[in-house]
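First subunit A sits with subunit B, and in the next complex the same chain sits with subunit C.
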Partner chain A sequence: MLARVIRIAVVVGLLSLVMTLALAFRRDPHDIRTGTIGKPAPAFTLQRLDGSGEVALADLSGKVVVVNFFASWCLPCIQENPALVRVYERYRASDVVMLGVDFQESRENGLAYVQRMGTAWTTVADDDGRVALSYGVFGPPETFFIGPDGVIAGRHIGPIDEATLVNGIETLRARAAR
Partner chain B sequence: MSAGDLGAAALRAALFLSLWGTGAAIYAAWRRDTRALASARIAAGVGFGLVVVAALSMMFALATHDFSILYVAENNARETPLFYSIISLWAALEGSILLWTAILAGATAFIAFRGTLTIPRLATTALAVMFAMLTFFLLLITTPAADPFARLAIAPVNGNGPNALLQNHPLMALHPPLLYLGYVLTSVPFAYAIASLILGEGGDRWLVATRRFALVSWALLGVGIVAGAWWSYAVLGWGGYWAWDPVENAAIMPWLTSTAYLHSVMVEEKRSLLRTWNLALVVATFALTILGTFLTRSGVVNSVHSFSLSAIGPLLLGYLVAILVLSVGLLLWRSARLRDAGPIGTPLSREAIFLFQNVLFMAATLTVLLGTLYPLVAEAISGAQLSIGGPYFDRVEIPLALALLFLMGVGPQLPWHGASRATLERQFTTPIVAAASGASAALLTGTTALAAVLTYALGAFVIATVVQEFARGVRARRTLHGESGLAAFSNLLRRSGRRYGGYVVHLGIVLVALAVATSQARTVDAEKTLAAGEAFQVAGYTVRLEALRAVSEPQRDSVVADLVISGNGASTNLRPALVQYPNSASAVGSPGIGAGLRDDLYTILAAYDQRTFSWATIRTRVIPGVSWLWLGGAVVGIGAVIAALPPPRRRAVRMPVAEAAASAK
Partner chain C sequence: MNRRVVVAIALLVLAAALAFAARPHEATADERIDQITTELRCPVCQGLSVRDSSSETARQMRVLVAQRVREGKSNAEIETEFRASYGDWILLSPPVASWSGVVWLVPIAAIAAGLVLATGRLRSADPLEPVEPSATQVAALRERVAREEAAEG
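Right after this comes the complex of A and B.
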C-alpha cells in the first residue's frame, strides 16, 4: 500500500515538475516589465551622428516613431540590420519615422558603422548614454515603438525581425487611423 | 578548407558514427554479436576523435579570430589575449555544448574499449545508452539550435569579445571544464543503471563497474563548485562566494544526490539493501545535471542575463522528459525484481545513519529545487515576477547542513548491524569532549552566532572521529605488521583508500564548513573616501591610497588604485581596479585581495574622481578564514583521489592470472 502511494507520488511530482518547466516557455524572456510600456516616451534632443544638426523627439509628434538603440560592436545589431533596412524602405514615404540611437561608444566608430551598413535613416549619438538610461535599455539592440500620441506602445529586447517590426508599426498606424 | 568547415564536417561525420554505434551496440547486446561490438567500438573511437577535432577547430578559429563564424564573432575580439581566446570555447552556449559533447564522446569511447572487456553484455547495453545520449548532443550541435560553426553572411571587422566577467580571471580556464567533466561523467553510472534495468539483472554488478566513475564525477563536481565559488569571490567583487544563484543551484543539486549515493551504495554492497533507492539516486543525479543545464541555458530563469534565446530550451526539456519517462518507467517495471535482502534494523547502526543521511540530502536537494523553481511557479500562477533570495536558502539549508555534519561524525563510528553500549562509549567519548572544546573555542574567540558555534562544535566532533579512526588503523597495522608509524599511515591510505580517503574527504568538508561559518559570522566591512596619501584603519589593517592611475591595454582600459597595506604583520600592495571592456555597458570591478590563512583583506575600488583622479572610495572587507574554503576543496579532491586509486593488492592478484594465461599459450 505504502509502496503504491510512493509510486503515485513520484509520478505526480515529476509530472508537475515537467508541467512547470513547460509552462515557463509561455513567458517571453524579452518581455521584461520595467513599466515603460504605456508611459509617455522620455523626451530627448540628440546630435546627428554625422554632426549635421540635432533631432528632437518632440518634433516627430503625430508620427509613428521606431527608436532603435544600437552600437557598432554589437553583433545582434548587425544581424537585425537587414530587417531594419527592408522595413525602412517599405515605410520611407509614409508617416513612419525610424531613428537609430547609437550609444556606448565613440562617435567615429558609430559613423563608420552606419556608413558601412548603408544605414539611410536618421541616426543620432547618445554620447553619455542618458537617453538609453531614461528608456531603461538593457543593452543594444533594443527597439521601441512610439505612437503618434508620444506614448511607448511596444518594446523589443534583442535583435528584431521584419515581422515583429511590421506588426508593431501596423498596430500603431491602425490605432492612429481610428 | 577553413577550421570552421573542418569542425562542422567532423561533427556531421561523428553524428553518423554515433547513430551507427547506437544501432551496432543494441544489436551486439541483443544478439551477443562480437562483430557488431567491434564495429561499435570503432564508431566510438573514431567518433571521439572527430568531436575532438571539432573542438580543436573551434579553439583554432577563436585563436585566429575567424569572425566569419558567428560564435567567434560573438565571443572573441582581435584584442582578446590568446589564453582567453582559447578558453572562450566554453564562454557561451554553443561552445559549452561542444565541450560537453567531446567529454561525452570520450566517456563513450572509454566504455567501448575498457568497459566491455569485463562484463560484456551489461557494458554493451550501457554503451548503447551512451551512444543514444551522444547522438542527442551531436544532433543539438549540428542543427541551428546550438550550431557552434554557424556562419555570418557578412564577417564583421572585429568581434564582440568575450563576456567581460569571463575574461577577467584565469580561474575561468579551470572552473567550467571541471564542472562539465563532473556533469558528463554522471552519465556513465546512469547508462549502466539503465542497462541493468533493461536486462533485468537484479545484481549489483552495474554498481561495482561504475563505482569509480561515480566517485570521480562527484569529486569533479565538488571541486568545480569550489573553483566556481573562488572565481565568484575573485572576480565579481562583492566579497562573497555563494549567492544561491540558479546557476550555482544547478551545480549543487546533482552534487547533493551524488553524495547521498556514494554513501548509500555502501549499504547495498555490505547488506544488499536500498537497491531501488540507489538506482533512483543515480537516475536523479543524472536527471538533475540535465535539469540544471536546461534551467541555466534555456532562458526560463535568469531571463535578464540570457538574451540569446535559442531553440535549445524545448529540445533539452524533451530530452529530460525522455530520460525521466525511460528511467522511472524502467524502475517501476523492474522494482519487483529489486527486492532488498531484509529491513534496515536498529537505528544505532551504520546503515541506519546512512539512511538518515540520505533523507537529509534528499531534503536539501528538494528544497534547493523548490527555491530555484518557485519563481517559475509563481509567475505561471499569478503572473508576478519575483526572485527567491539568500534568506530562504540560508534558513532551510543551514540546519540541514548542521545535521549532516553531525551524522558525518556519527556514521563512521557505528558498526554495521548495530552497536552495543560499550561500543558507543568507546567510540564517542573523545569526539564529544572535542565537540565541547570546539564550542568553547568558538565562544572564547568571540563567535556567538548559534550556527557558527554549532559548526565549530560539530567540526571538532568530526575531526576527532577522523583522527581516532586513523590512530586506531595505524596502531592496528603496527601491531599486526610491525610497521613504523609513517609506513602504517601511508599503507592505510594505499590499501584501504576507499575508507581512509573518505575520511580525508570528511576533513575537507569540515574545513569548508568552518570557513563558511567563520567568514559569515565575523566579516568586518568598512568604506572610506581617500585622497592620495591618506590612510584608514580596518580590523587592525592600515589601508593607504598611494595613487590612482589609468592603465590602457589593447583589450581593456582600467583605473587602478595602488594601495599599501600594513598592520597585522602584513606588508603588501593591493591593486583593486575598475575595468572597462569595450563591449560592456558598465565597468567591472576587479578586487584586490590580500589572502591569508587567518583572514583575507578584500578591497574594492567603488568610486573615483573621474576628472582629476584626486580621490577614490575604497570599500574593504576583512573576511576571516575564507582561504580555508579553497583549502577544504583541495583536501576533498585529494581525499577523492586516494579513494579512487586502485589498491595495490588487486594488481598483485591479477598478475598471476595474466602470467598463467601467458604460460598456457
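Right after this comes the complex of A and C.
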C-alpha cells in the first residue's frame, strides 16, 4: 500500500515539475517584466552626445518613445543597429521618437560610435548611469517602449530585431488611436 | 584582599567591557552603505552582491546608495528605490511574502495533493477482510479431504 502511495505521489510530483517548467519556458526570456513595466517612465533630462543641448523625456509627452540603451563596447548593440536604422527611417516623419541613451562609457567613445554607425536619431549621454538604474537596466542593449501617456508598456533585453520594434511601436500607436 | 573578591571584580569589569562594546549603536554612514550594498544583488553578475562586485553597474549603484545615505534616506527607502526599478529580484534575500514564494509552495502542495488522492483511492478500495466459505464450498472441501484420505488409505 505504501509503495503504491509513493508511486502515485512521485507521478504527481513529476507532472507538477513538468508543468512548472513548461510554463516557465513558454515565456520569452527577452521580455522580462520587472518593476518599471506598466509604471510611468522615470523622468530624465540628459545632454545630447554631440553637446548640442539637452533632451527631456517630458518634452516628448504624447508621442510613442523608443528608448534604446547602448554602448560602443557592446557587440550586440552593433548587431541590432541595422534594425534600429530601418525602423527609424520608417517612422522618422511620424509621431514616433527614437532616443538612444549611451551609458557606461565616455562621451567621446559614444559619439565616435554613433558617427561610425550612422545613427541619425537623437542620442544622449547617461554619464553616471542614473537613468539606466532608474529604468532597471541590466546591461546594453535594452529597449523600452513608452506610450503617449508616458507609461512604460514594454521592454526588450538584448539585441532587438525589426519585427519586435515595429510590433512594439504599432501596439502603442493602435492603443493611442483608440 | 580576598582572592575571590579580586576574581569577581575582574569578571565584572570584563562583563561590563563586553556589554559596552556590544551595545547597540547607531550605524555610521559607511556601515549603512556596506549593509545596503550587501543586500542588493549586482544586476550583471552571478549571485554577487553590489558590495562584492567590481562591475561598473555595481560601482554606479554603490555611488547612488552613498548619495542617498548622505541625503538622509532610510535603508528601506533606498531599497524601495531599487525595487521600483528592478523588482524584488534586486534583493539577495527577497521578502518572504512575495508571490515568488509560490514557486516553492507549488511542488510541495502538489505532492501533498497526490498523497491525499492516493490515500483516498486506497481507502475507497474493497477491504481485504476474511470471507466465510459457503456451505457448498465447505461440503466440496470435506468431500475432497475424504477422497484423498481414502486414496492414501
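Here is the rule we use: the second predicted complex is superposed on the first by the 154 of 178 C-alpha atoms of A that agree within 3 Å, B and C clash if a C-alpha of one lies under 4 Å from a C-alpha of the other, contacts with A are read in each partner's own complex, and residues count from 1 in each chain.
The rule we apply is simple: a residue touches a chain if its C-beta (ideal position, glycine included) is under 8 Å from a C-beta of that chain, and two chains touch if they have at least 3 such contacts.
Owing to the predicted nature of the structure, the values given are computational and were not obtained by experimental measurement.
With both structures placed on the common chain, the touch criterion links A:Val18 to subunit B but leaves subunit C unconnected. Once the two complexes are overlaid on the shared chain, A:Ala9 sits against subunit C while remaining clear of subunit B. Contact with subunit B, but none with subunit C, is seen for A:Leu75 once the two complexes are overlaid on the shared chain.
When the two complexes are overlaid on their common chain A, residue A:Gln104 makes contact with subunit B and with subunit C alike. Once chain A of one complex is fitted onto chain A of the other, the partner contacts of A:Arg130 are limited to subunit C, with no touch recorded for subunit B. With both structures placed on the common chain, the touch criterion links A:Gly158 to subunit B but leaves subunit C unconnected. Applying the stated contact rule after C-alpha superposition, one finds that A:Ala120 touches neither subunit B nor subunit C.
Residue contacts after overlaying the shared chain place A:Phe138 against subunit B and subunit C alike.
In the superposition on chain A, the residues of subunit A touched by subunit B in one structure and by subunit C in the other are 11, 17, 20, 104, 129, 138-139. Note for the complex: subunit B touches subunit A at residues 70, 73-74, 152, 154, 156, 158-161, 294, 298-301, 303-304, 306-309, 313-314, 317, 320-321, 324, 328, 332, 373, 376-377, 379-380, 385, 582-583, 585. For subunit A in complex with subunit C, the touching residues are 1, 4-5, 8-9, 11-13, 15-17, 20, 34-36, 39, 42, 104, 128-130, 132-139.
Those residues of subunit A that touch subunit B in the complex are listed here as 7, 10-11, 14, 17-18, 20-27, 29-30, 32-33, 73-76, 78-79, 104-105, 129, 138-139, 157-158.
Of all residues in subunit C, only 43-44, 56-57, 60-61, 63-64, 82-87, 89, 103, 106-107, 110-111, 113-115, 117-119, 121-122 touch subunit A in the complex they form.
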